[in-house]
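Structures given as structure tokens follow.
Next come two complexes, and both contain chain A; in the first it sits with chain B, in the second with chain C.
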Partner chain A sequence: MRNRKLLWIFVLPGLLLYGVVFVYPTVLGLVYSFTDWDGFSASFKLTGWKNYHSILESIVFRKAFWNNVKFMAAVVAAQSVISLVLALLLVKNRKTYVFLRALFFFPAILSSVSVGLIWSFVYDPAIGLLSTLFQTLGRPELALNWIGDKKIAIYSIAAVQVWAHAGQMMIVFIAGLQSIPSELHEAAVIDGGSRWRVFRKITWPLLAPSATIVLAYTTIQSFKAFDLIFTMTDGGPNFSTEIMTTYIYHLAFSSYAFGEASAGSSLFLVLLSVLTFLQFKALRAGRISY
Partner chain B sequence: MHVRRTIIVCYSLIIVAPLYFVFVTVFKSSQAFYASPLGWPAAPTLDNLGKLFAGQPIWRYFWNSIQVTAGTVLLVLLLGSLISFAIIRFGGAAGTVLFAIFTAGLIVPSQVNMLTIFALARKLYLSDHLGGLILVSTALLLPLTVFMLTGFMKLLSRELIEAGSLDGCGEWSLYWRITIPLTAPSLAATATFLLVMVWNDLLIPMLLLNGKSKLTLPLAMLQFRGEYVTDYPMLLTGVVVTSLPLVLLFLFLQRYFIAGLTEGALKG
Partner chain C sequence: MKKSSFRASLWAAALAVMLLVSACSNNTASSSAQENSPAKASEAPAESAQPKVTLSFLHWRGEDTESFNGIIKKFQEENPNITVEMQTLPSDQYQASALAKISDGSTGDLFASFPGAQFEAVANAGLYTDLSGEPFLANYSEALIQAGVKESKQLAVPYQLVYNDPIYNVKIFEQLGLQPPSDWEGFLALCAKLKEKGLIPIAFAGADIGPGQFMNTMVMNNLPSDDAFTKVEAGEDKLTNAWWVKTLSQIKELNDKGYFQPNALGTKDAAAGALFIQEKAAILASGSYQLAQNKAQNPDLTQKLLAPITVPADQAKYEGIHTSTFLLGVNSKSKHPEEAKKFLEFLSRADIAGQYANETGQNVTVKDVEYNTTELKAVSEWGDKKTLFQPRFTIKNSENQKAVTNSIQAVLGGSSPEDAAKEAQAIVDQQLSK
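On to the complex of A and B.
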């Protein structure tokens, strides 16, 4: 006999907390986006779609949107290729490989603040690891100002994101590879398939579910980026690394344009929902069996 | 074979080199560092460590982080597992609706409602209070936790629970004496995943805490940066010291960390 009353008591505390601290603020954010609230005053008035108009016309917001796209494209391309190659190389359960997997995974447990500070040092144009390396190699022209140059800063940070998370995605690919029955490979090799053909015809199609997961996860993670950019450049130089999340933060807490920032949050949520919906569809489509 | 080895060696260097140089910097004086930023410390010194612990209430920051992380992880696991258990036991429409209500939150990351959480926390007196931070973090992590735990509990054979029910177990014993022990490995993986997230979180503590004595480690590090601007030896000593607890845990519980962070990646 199920005791429904008792089960509701199990649910209640969590539901209450979730309602008050998560659902209510989310709805409230939508309300604020239609007001001129500054975040502190006791009163505010409704302004209709004004905040949406002004943020959509803002040059910095548009720039932030495109920076989001650049950052996402760079991270997704680099991270999926690197993690797949690493997984293919380290898929066998040998002792050294298991050790290397843990090593490559390791940066994922560091905080973005730590990773950001470590890489600020690596990228330091005067005494950093990269500059010193290029100077020692006799190529001082390659010792760039990695996060101080507005043309490359966003890609430099994208590289850090990949450094931190490619190993984690490698594990997802390895799990996918190891779930492919080995008889399939053996049969193909006995049938005289070349390595590349075996990969293309057997491994790759069967890897589709893991690939979808990696792509979807990487896309959404890079879209939501905040900590790393906040720590390393805080949107600078000259807004070249400003993305939507940091822009919303600056609008609310530096410019006190709470209403406009809320409109930005709502737009961000809409974009993110579209991405999540696509992720969901892709995951469904990617589910194949053998 | 050659290509394989070259790629592996290069990638290992990319991962290890920054960590190695951060590590040796801890043992260099400022002068030694600026004379040769990447060299081996000729005269290793513990001055940076001494200065860091003397100049900053590091132990307090550790203690704050420990309290917040332990509190949040325990609370979210407790509330989340109770909810997931109820979702499984309800089944049918009630179960589906509850599951949908909680997982809808997965779409909304904290960057979206950071503004209203900030405003609301001040109104509810949850600001500048570690307990308040624990409550807010718990609420924000509930969707992911419920999603993961419901998935794990579904895998648990229904018959086991039904059998327990026939033997006269009440809901509480079904939860506490059957479901929890049988899903323990998944709970452990989920716990390590949540642990990494909460320990490393920057945004929510930054929105809720202002008082210097209440900072968690990531916030404290941003503050060191302000203080030591480009005194890299001090800054990087801070990075090493504050990362140490998770690094040590990772060395001992690798398997759980990898399983947890990957499950989280798959589900989140």
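On to the complex of A and C.
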């Protein structure tokens, strides 16, 4: 009985904080999603499911959804592979490797707004670093319109997202690699296994828990992306980089359609919850013991 | 711990929290009572017979802070009972959080807003005090403060005057013997000549501000009307009609002929500005608000404004575009509306508005202001020209505004003007059906 009370005393502050910063705004957002509230007026009217209908029928929202899917697919694929390759290359514990690990991890400590601004300049076709570099190398055809071409803009931003977070995921993979007993590798080598075979049959299966963490984290992070797109293109050109979070932001703070933005947020929350659920299911399935 | 002692500790903790909360609230209450109560004020020394008031002034122009600090100091010297606390938020943040801040009246006794969608939203929420009939309104050019009028009430006073016409490099034009053209053929010939000389004819920030700025001068004579987009938003006209398709075709023509810098859609404001400042581009498709900044970075620049005329000279009704922005309004929830009006009245004086203009490099809507820089003087000459209020700001719904500017990005990205217009109209139709 006493322990139970003590438990509550310790848990209560956390619960209160969670209630105030997550549950309360979520419930409030859900309520506003059924209103025509503009975000600051004292009064509003109930509008039923109207906001949800508007959102689901919106041409821009549909574009935003597909852009989200494209962005997520590009980031998840590239970031998982790159971070794994980096981890495999840098897992050895020598001084140079430690330095290189720190170097690759460095972008993760920068604020995403700063990263977005820096890369806007790097990508600029008139004065940007990439453009100047390709011109100098005599390959102007490679100086693409990175964030101005609607066909590649979303992938250019995805590349920045990968640049910023691959180092972080590399650390997860390195931790996973270091937890694999070296005897297993040694035994496999003695048995005459090639590098690729050892990786395929031993390293990769035992790395599965780390891989699922990386996949889950990357999927959710890329789905929730906002800062980079907001600072680099603000959804342009011609909605080609508009994603759900930027669309919701524009609804709330440019159109002052807070009710509709809340409906968008609720839909986004549902999508994200489904995605998280699937990821965690996969995470459980990926557990391997030895 | 025994059950009873545990309960006692809980009660003690609760009591302590209550005491703490009540002490804080007493403090707050007493201090605010002291601030507002006339009874307390009468006990104060004679020189401060009026109650002390602290005004909150909220805006987004961080670059004007230094100038406003000086102005506020002067105001406080004239009005020792009023203290002005200025708060500036970056414009993105201002869009996102300023309105929430002013809605309960605790912040922003005097606040700034953007014309168009934001002004409409604030007006609809009833957050503006009606300023109609205030004597200081006579200090302004009436035609330039209409952006702050709704249903015949002057709800806010636009303070800054901007001409959203492209800026050109006067020296380059003089060296090449060029003059601002008076028709579309002349404009194309001018761009051809600039390109032939190895210059970028027009630096265009297609990735951010370019479409929203350049569309104004491009459309003003294709449909010479101050309610073109109002009609579109009301469903009485369509973007698929000839005037907007023609505008898109002409923008596309400029791009296809290489009169914008290569890959203009990927260029942001700062980069386009740099091309102009470094004199690699002869024209910058933005507006007069960038003159001071350009000059600061290249003091050798001589700049003026020109608007592309998209029709034959005899059919041109407008010579350029103007916007009056930085709308100053008194918060209807303010506890100190009279003091806020007093501060607005102070800002409306020609000498103070002049100080603001000359220190910040921005023209103002106040009459009889003496400008002391070449750029401000050059811009003030536009006061005599026939200009149209920026069409983009007549679009009240920001989704429609985005649809319109994005149709420009679409044609620059390779879509046909007809398809781009159709795509934009589909979004407008969706807004209409709400």
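Everything that follows uses one rule, which is that the second predicted complex is superposed on the first by the 270 of 290 C-alpha atoms of A that agree within 3 Å, B and C clash if a C-alpha of one lies under 4 Å from a C-alpha of the other, contacts with A are read in each partner's own complex, and residues count from 1 in each chain.
Heads up, the rule we're going with is that a contact is a pair of C-beta atoms (placed from the backbone, for glycine too) under 8 Å apart; a residue touches a chain by one contact, two chains touch by 3 or more.
For clarity, every value in this text was computed on a predicted model and none was experimentally measured.
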item	value
Which superposed partner A:V122 touches (first chain B, second chain C, both, neither)	first
Partner chain(s) touched by A:D149 [first = chain B, second = chain C, both, neither]	second
First, second, both or neither for A:V198, with chain B first and chain C second	neither
First, second, both or neither for A:L56, with chain B first and chain C second	neither
Winner by number of chain A residues touched, once chain B and chain C are compared	B
First (chain B), second (chain C), both or neither touched by A:G39	both
Contacts of A:P237 with chain B and chain C, given as first, second, both or neither	second
Chain B versus chain C as contact partner of A:L271, first or second or both or neither	neither
Residues on chain A lying within both footprints (that of chain B and that of chain C)	2, 39, 121, 124, 127-128, 249, 252
In the complex with chain A, residue positions of chain B that touch it	4, 7-8, 11-12, 14-19, 21-22, 25, 33-34, 37-38, 79-80, 82-83, 85-86, 89-90, 98, 101-102, 105-109, 111-120, 124, 135-136, 138-140, 142-143, 146, 165, 170-172, 175, 196, 199-200, 202-203, 217-218, 221-222, 225, 230, 232, 235-236, 238-239, 242-243, 246-247, 250, 254, 257-258, 261-262, 265-266, 268
Partner chain A, residues of chain C touching it in the complex	1, 6, 95-96, 99-100, 102-103, 117-118, 121, 124-127, 203, 206-208, 261-268, 270-272, 274-275, 397-399, 402, 406-407, 409-410, 412-413, 415, 420, 426-427, 430, 434
Chain C-touching residues of chain A, taken from the complex the two chains share	2, 5, 38-42, 54, 57-60, 120-121, 123-128, 145-150, 233-240, 249-256
Chain B partner contacts - residues on chain A that touch it in the complex	1-4, 6-8, 10-11, 13-15, 17-18, 20-26, 28-29, 32, 39, 82, 85-86, 89-90, 100-114, 117-119, 121-122, 124, 127-129, 132, 163, 167-169, 171-172, 175, 213, 217, 224, 226-227, 230-231, 245, 248-249, 252, 258, 261-262, 265, 268-269, 272-273, 276
